[in-house]
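In the two assemblies presented below, subunit A is common to both, partnered first by subunit B and then by subunit C.
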Partner chain A sequence: MKSAKSQLTALGAPAVIFTVAMIAFPVVYTLYLSLEAFSSTGTTRFVGAGNYTRMVQDANFWDGVTITFYLYFLSLALQLVFGTALALLLFRAKRLPGFVRSLFISPFMMPPVVAGMMWLVILDPSLGAANYILTSLGLPPSEWLASPQWVVPTLAMIDTWQWSPYVALIVLGGLQSLPPSVYEAAEIDGASGWKRFWRITLPLLLPTLVTAMVLRSVDLLRFFDLIYITTQGGPANASLTLNIYGFRTGFEFFQLGYASALMVTLSIIVLGVTLVLNRLRHAVAW
Partner chain B sequence: MSSLATRPSDRLVTIIDVVLLVCAGIAVLAPVAWMVLSSFKQSYEVTAYPPTIFFEPTLDNYRSLSETTPFLQFGLNSLIVTIGSTLLGLILGAPAAFVVSWTRVTWPAIVTLLARMAPGTLFLLPWYVMFRQVDMIGTYWALILTHAVITMPIVIWVLLPFFDNIPRSVFEAAQVDGCSPLRIFWKIALPLVASGLAVSSILAFVFSWNYFLFALVLSNSDTKTLIAASFNFIGEGSTNWGGLMAAATLIALPPLILAVIVQRWLISGLTLGAVKG
Partner chain C sequence: MASRRQNGLGRILAALALSTAAGTAGAQDFDWKAHEGEQITFLANNNPVATAILKYQDDFTEKTGIDLKVDSYQEQQMRQRLLTVLNARSDEVDVFMTLPSREGRQYAAAGWYADLAPFTTESVSPDYNFDGLGKALVDAARFDGTLTGIPLNIEGPVLYYRTDIFEKCGVDAPATIAEIETASKAIQECDSSITPFASRGLKPALPYTFSNFLHNMGGQYMKDGKSALCSPEGKAALETYANLLKDYGPPGVVNYSFYQLTSLYRAGRAAMSFQSSNEFPSVMEGGERLNDTAIVPLPKGDGGSVPTTIGWALTISAFSDNKDAAWYFVQWATSPEMQAKLALEGIAPPRQAVSQDPEYKAWLEEQPLRQQWQETLDELAQTGTSEVGYPIVQNPESREYIGQAVDQILLGEATVDEACAAADQELNALIERE
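Coming up: the complex of A and B.
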C-alpha cells in the first residue's frame, strides 16, 4: 500500500508544485513587495507600513474604493433583477429550443474586451447608434463613456447586458430544482401568480440567488477588462476603480510597492465580501 | 407543474411571455448583430449618421486587417498561448483532480480557487518582478505559465465531478487485481472521463483565449495575443470602425463557437462546481 500512496502523491505533486510556485508564493511575495518602495532607477528600499500609511492619505485610493463599490452595487442589483426576470421567463417557456439557450450564452462567452470594443462604437457620442435611437425617440443624447457623471452607470449597463444571461441560467437551474408540490399546494390555496412569486418562489430561490451574488461579486469587485479597454479609468478619473488604479500605479508609473499595497487591500475586500456572502448563504439555506 | 398553464387566463400570460422573451432576445442580440453588420460596411457607411441598416456588404475590412495589422501573427500568438496553457492545465489538473477525488484531500483544489478570486494584478506584480529577473518577459512561456493559472483550476473543478461519478467499486476491483493507482488513472479513470476532458479543455481554451490582463504586461510586440492587441485596433478604429468591428467579430468567434458546443456543461463549469448546471 505504501507504493500506492507514493504514486498518488506523484500524480498530485505537479499541480501542487505549480500552485505553490505560481499562486501561493506570488501572493506572499506581493505582501512583501507591499512593504517596499521602488525608485525610478530600479533599486528597492524597505519602508515597512509606509505604503499603507500613504494609501490612507491618498484621495485617489478613497475615490477608487467609492467607485469600486458604486459600480459593484449598481451592477449587482441590475444583474440580479434582470437575471431573475429572464430566468422566470425562460422557466415558464418550459421547452427551450437549443438555439435560444445558445443565444443567451453568447454575451458572457464573448471576451469582455470585445464587448468593450463593440459598445465603444455603439455608444460613440457623436456617431453612435445609441444616441441616434435616443434622439429619434425625442430624448436628449448622452455622452455615455465620455461623461464623468455617466461613465459608471454606462459600464454597469454594459456589464449587465453581458452577465444578466449568466445570472439567469444559474437562477433557472435553481428554479428547475424547486419541488413542484409547493406550487400545486399554493394553487389549490388560490394564491395569485404575483403572491406565489413573493411568498414561495423567491424565498426558496434565495440560496441560488446568494450563490449567483458570490460569483458575480468576485468578478465585479475586480472589474478590469471592460474599463481598461474603454476608458482606462477616465474621464477625469471617474471610472478609476481600485483595480485599475492599482494596475496603472504598478505598470504605468512602476511604483510596484505601492501598487502591491493597493492590490493586497483590494484582495482583502474581495475576500471579506465573499466571506460575508457565504455566511448569508448558510443563513438562507433550506 | 404542467397544470399551471392549462387555464385560459394563463394562456394569455404565455403570449405576453413570448413577447417579453422576444424583447429580451433582441436586447441581447442587437448589439452583437450591429457589430457584425458594421464589420461588413464600407468605411464611409460605417460612420454614416443616421446609421444605415441596409447597405451593400463588403469584405474589405477583413481583407485590410491582415494587410494593415499583424493580425495573423497575433492570431497565431493567441493560438500558441491558448493551446499551450490548455495542455499544461490538463497535464497538471487531470491527475490532481483524480487524486482529490480518490483521497478526498481537497485543500490543493481549494487553494487554486484563490486564483479565481483574487484580482489578476495581485499575481501580475510579483510575476512581473520574477519574470524580469529571469529575463522571460515577452516570451511565450511566460504567457503559457501564467495562463495555466487560469486553466488548471478550471480543469480540476470541471473534472472533479466526472471522477466522483465513477463508482468506487471499479477502482477497488482494479486494486484487488493488483493494479497500481498510476495504472488505474491512466488505463481506467481517464478513458471513463473522456467527455469531462473534452469539456474542461474547451472551457480552459475559451477562458485562456479571452484573458486580457496577463498578456497586456507580459507579452511584447512579437508575442502579443489578439485580445491584448485590441488596443492596436482601437487606435486604428478612431478612423476605421469597420476594421475595428471586423477584428472584434473575429476575436469573439472561437469562444462563441466552442461555448455553444459545451453549453450543457457551461454553467457548472463556469461556476467551478458551485452550481449544478
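Coming up: the complex of A and C.
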C-alpha cells in the first residue's frame, strides 16, 4: 500500500513540478517585480508598496481602468445580443447549407492580428471601404478609430464581429439541450413566439449565457492585440486600456516594476469579475 | 625641454607606427573562415533593411562557414524579445538590429551592447574600410566612448510632393515651412479632393517627423537641463505641425504612421507627404508616382535647415558567447560590397563611396527621381542631426509626451500652452529621474 502511494507520488511529481514551474513561478515572480523599481539603466531596488502608491496617484491608471470597463461592458453586451441572435438563427434554420454555417462562425477563427489589419484598412477614413459605403448611402463619413469619442465603440464593434460567433456556438449548445416538453406545453397554452422566447428560452438559457460571459470576460478585460494593432492606445490616450498601458510601461519604457504592479492589479480585477460571474452562474442554475 | 618634447613626439610616432603595423597585420591575417562551423543567432527587425540583407544570407554562410540562425520580428516585437533576453543577461542573441537614436542611450546605460571599437581595428578584412562609413552615423552610435553599432543604412523624413498638382494649382514648391501652409491652403482651394499635406500623427511615431520641424524652426528639446517645449520656438513648432495636420491633413491623421502615409500618397490622394526616405521603394511601387513626384528635405525655417538623419545599426550583445563570429556577420553585412548590393534594393547606403559606385550610379540614373532621392539623402548626411526625442536614457518615453502634446492640439483637446506645459511637466520629471 505504502509502496503504491510512493509510486503515485513519484509518478505525479513531474506533473506537479511542471505546473508549479509554469504557473506559480511567473505569478510569484511578477508579484516580486511589482515591489521593485527599475532604474533607467536596468538596476533594481526594493520599494515595497511604492509602485502601488504611485498607481493610485496616476491619472493614466484610472483612465485605463475606466476605458477597460467601458470596452468590457459595451463589447460583452453586444456579443451576448448578437451571439444569441445568431444562435437562434442557426438553431431555427436547420436547412442552412454547411458552408453558410461555417461562414457565420468563421470570424473567431481568424488570428486577431489579421482581423486588426483587415479592419484597419476597411476603416481608414480616407481610403477605407467603410466610409465609401457610408458616403455612397448619403451618410456622413466617420473617423472611426481616429476619433477619441468613437474609438472604443469601434473596437467593441470589431470585437463583436469577431467573437459573437463564438458566443453563438456556446448558446447553440445550450439551445439544443433545452427540454422540448416545455415548448410543447407553451404551444398548447397558445403562447406566442416572442412570449416563448422571453418566458422560456431566455430564462432557461441564463446558465449558458453566464458561462459565455465568464469566458468572454477574461478575454475582454485583458483586451490587447486588436488595440495594439490598430491604435496602440490612441488617439491621444482614448483607447489606452490597463493592459496596453502596462505593456507600454514595461516593454517600451523599461519600468518593469511599475508595469508588474499594473498587471497584478489587472489580474485581481479579472479574478474578481470571474468570481462574481461564477456566483451568478450558481444563482441562475436550474 | 626640447628633448623631452622630441621624446614625446617620438613615442607618439612609434605608437602610431605600431598601431598601423598592428592594423595592417590584423587585416593581412584576416581569414573569413576563422569561425567555420560556429553558429550565431541574429535577431532581426522585419523591415526592408533586414529583408534585403537576408536575401544574401547564404552568401554569408558560404563565405564564412558560420551557421546563421535568424529570429525575425516586427519592430516592436523585436524590442520586446530583446528586453526579455538582455534583461536576463541571456546569450540567446548574438547580433541584433538597433536604432541608436531611440534606444542607444538606454541600452548603452544598461550595458547591453558589446563595444565594437576593438573589432574595427583588430579583426577586419583588408577591404572593409571602417572609416568609409558616414562619420555622423558612427558618432551617433557612440555612447560614453563605446561604439555600440555599425550603421546599416541612412534615412530620415523627406518631403515627397506632386509636381503636377502644384503646377495645376499654380503653386510654387515651398521654400520655407511657412510656405508649406500657404501652398496647402492654395491646393485645398484648387482641388478639394486632394489632401494637401500629410505626415505622421500616431503618438509614438510622430517625433520622427516633428523633430525636423522643431529643429528647422530653431527649437531644441532641452535647454539648461530642462524641457523646452514651451519655449517660443517649441510652441511655434507644436502649433505649426499640429495645425498643418488638423487643417490640411487627411481624416484620421492622428493614427497615421508610415503605412497609411505611403498608401495615401501612392494612391495619388496627397499633394505633399512628409515621411521616411525608407519608404521610397514602397511609394514608387507600381510606378504611378514616378513621373509626378519630387523629393526634397523639409524646407527651412527660422532655424535654417536641420534635417533628421538616423539609421539602423547592427550590434553585438554584451552577453553573447560568440562575439568574434558575431562580428564576422556584422562586418560582412556592413562591408562596402554588401552595402553596394543593398543600395540596389533601395537601402540608402551609409557609405559615401557606395553612392559613387558605378553600378549604383547607373541604377540612380535610370530614373531622375532616384537621383533626387539620393541627392536629398546626401544633404541629410551632411547637415542632419540624429536627435529624435530627448537626448536622455529614457528617450523612448520622452517621445510619448511629445506625441501626446501634438495630438492634444491636433484633436482640439488642449491649447498649445496647455499641451506644452503638461508635456514639459512630465518631461522634466523624466529628466530628473535620470
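The rule is short, and it goes like this: the second predicted complex is superposed on the first by the 268 of 286 C-alpha atoms of A that agree within 3 Å, B and C clash if a C-alpha of one lies under 4 Å from a C-alpha of the other, contacts with A are read in each partner's own complex, and residues count from 1 in each chain.
As a convention for this text, a residue touches a chain if its C-beta (ideal position, glycine included) is under 8 Å from a C-beta of that chain, and two chains touch if they have at least 3 such contacts.
Here the structure is a predicted model, which means the values were calculated and not measured.
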Partners on subunit A (subunit B, subunit C) - clash or fit: clash
With the two structures laid over each other on chain A, which partner does A:Leu256 touch: subunit B (first), subunit C (second), both, or neither? both
Is A:Met110 touching anything from subunit B or subunit C once the two structures are fitted on A? First, second, both or neither. first
First (subunit B), second (subunit C), both or neither touched by A:Gly234: second
Tell me the contact category for A:Gly48 with respect to subunit B and subunit C: first, second, both or neither. neither
Which of the two partners, first being subunit B and second being subunit C, lies in contact with A:Pro203: first, second, both, or neither? neither
Is A:Pro165 touching the first partner subunit B, the second partner subunit C, both, or neither of them? first
With the two complexes superposed on chain A, say which partner A:Gly272 touches: subunit B (first), subunit C (second), both, or neither. neither
For the overlaid complexes, name the partner, subunit B or subunit C, with more touching residues on subunit A. B
Subunit B versus subunit C as contact partner of A:Phe18, first or second or both or neither: first
For A:Pro148, decide between first (touching subunit B), second (touching subunit C), both and neither. second
Going by the contact definition given at the top, which residues of subunit A touch subunit B in one complex and subunit C in the other? 126-127, 251, 256
Tell me, which parts of subunit A touch subunit B in their complex? 3-4, 7-8, 10-12, 14-16, 18-19, 22-27, 29-30, 33, 86, 89-90, 92-94, 98, 100-107, 109-114, 116-122, 126-127, 129, 132, 136, 161, 165-166, 169-170, 173, 177, 180, 183-184, 187, 193, 208, 211-212, 214-215, 218, 221-222, 224-225, 228-229, 243, 246-247, 250-251, 256, 259-260, 263-264, 266-267, 270-271, 274
Enumerate the contact residues on subunit C facing subunit A in the complex. 76, 79-80, 83, 87, 106, 109-112, 195, 201-204, 250-255, 260, 263-264, 267, 269, 393-394, 396-397, 400, 404, 407-408, 411, 413, 433-434
Okay, in this complex, where on subunit B does subunit A touch? 1, 3-5, 13-14, 17-18, 20-21, 24-25, 27-29, 31-32, 34-35, 38, 47, 49-51, 91-93, 95-96, 98-100, 102-103, 108, 111-112, 114-130, 145-146, 148-149, 152, 156, 175, 180-182, 185, 206, 209-210, 212-213, 216-217, 227, 230-231, 233-234, 237, 241, 244-245, 247-248, 251-252, 255-256, 259-260, 263, 266-267, 270-271, 274-277
Per the touch rule, the subunit A residues reaching subunit C in their complex are 40-42, 124-127, 131, 141, 143-148, 230-237, 248, 251-254, 256
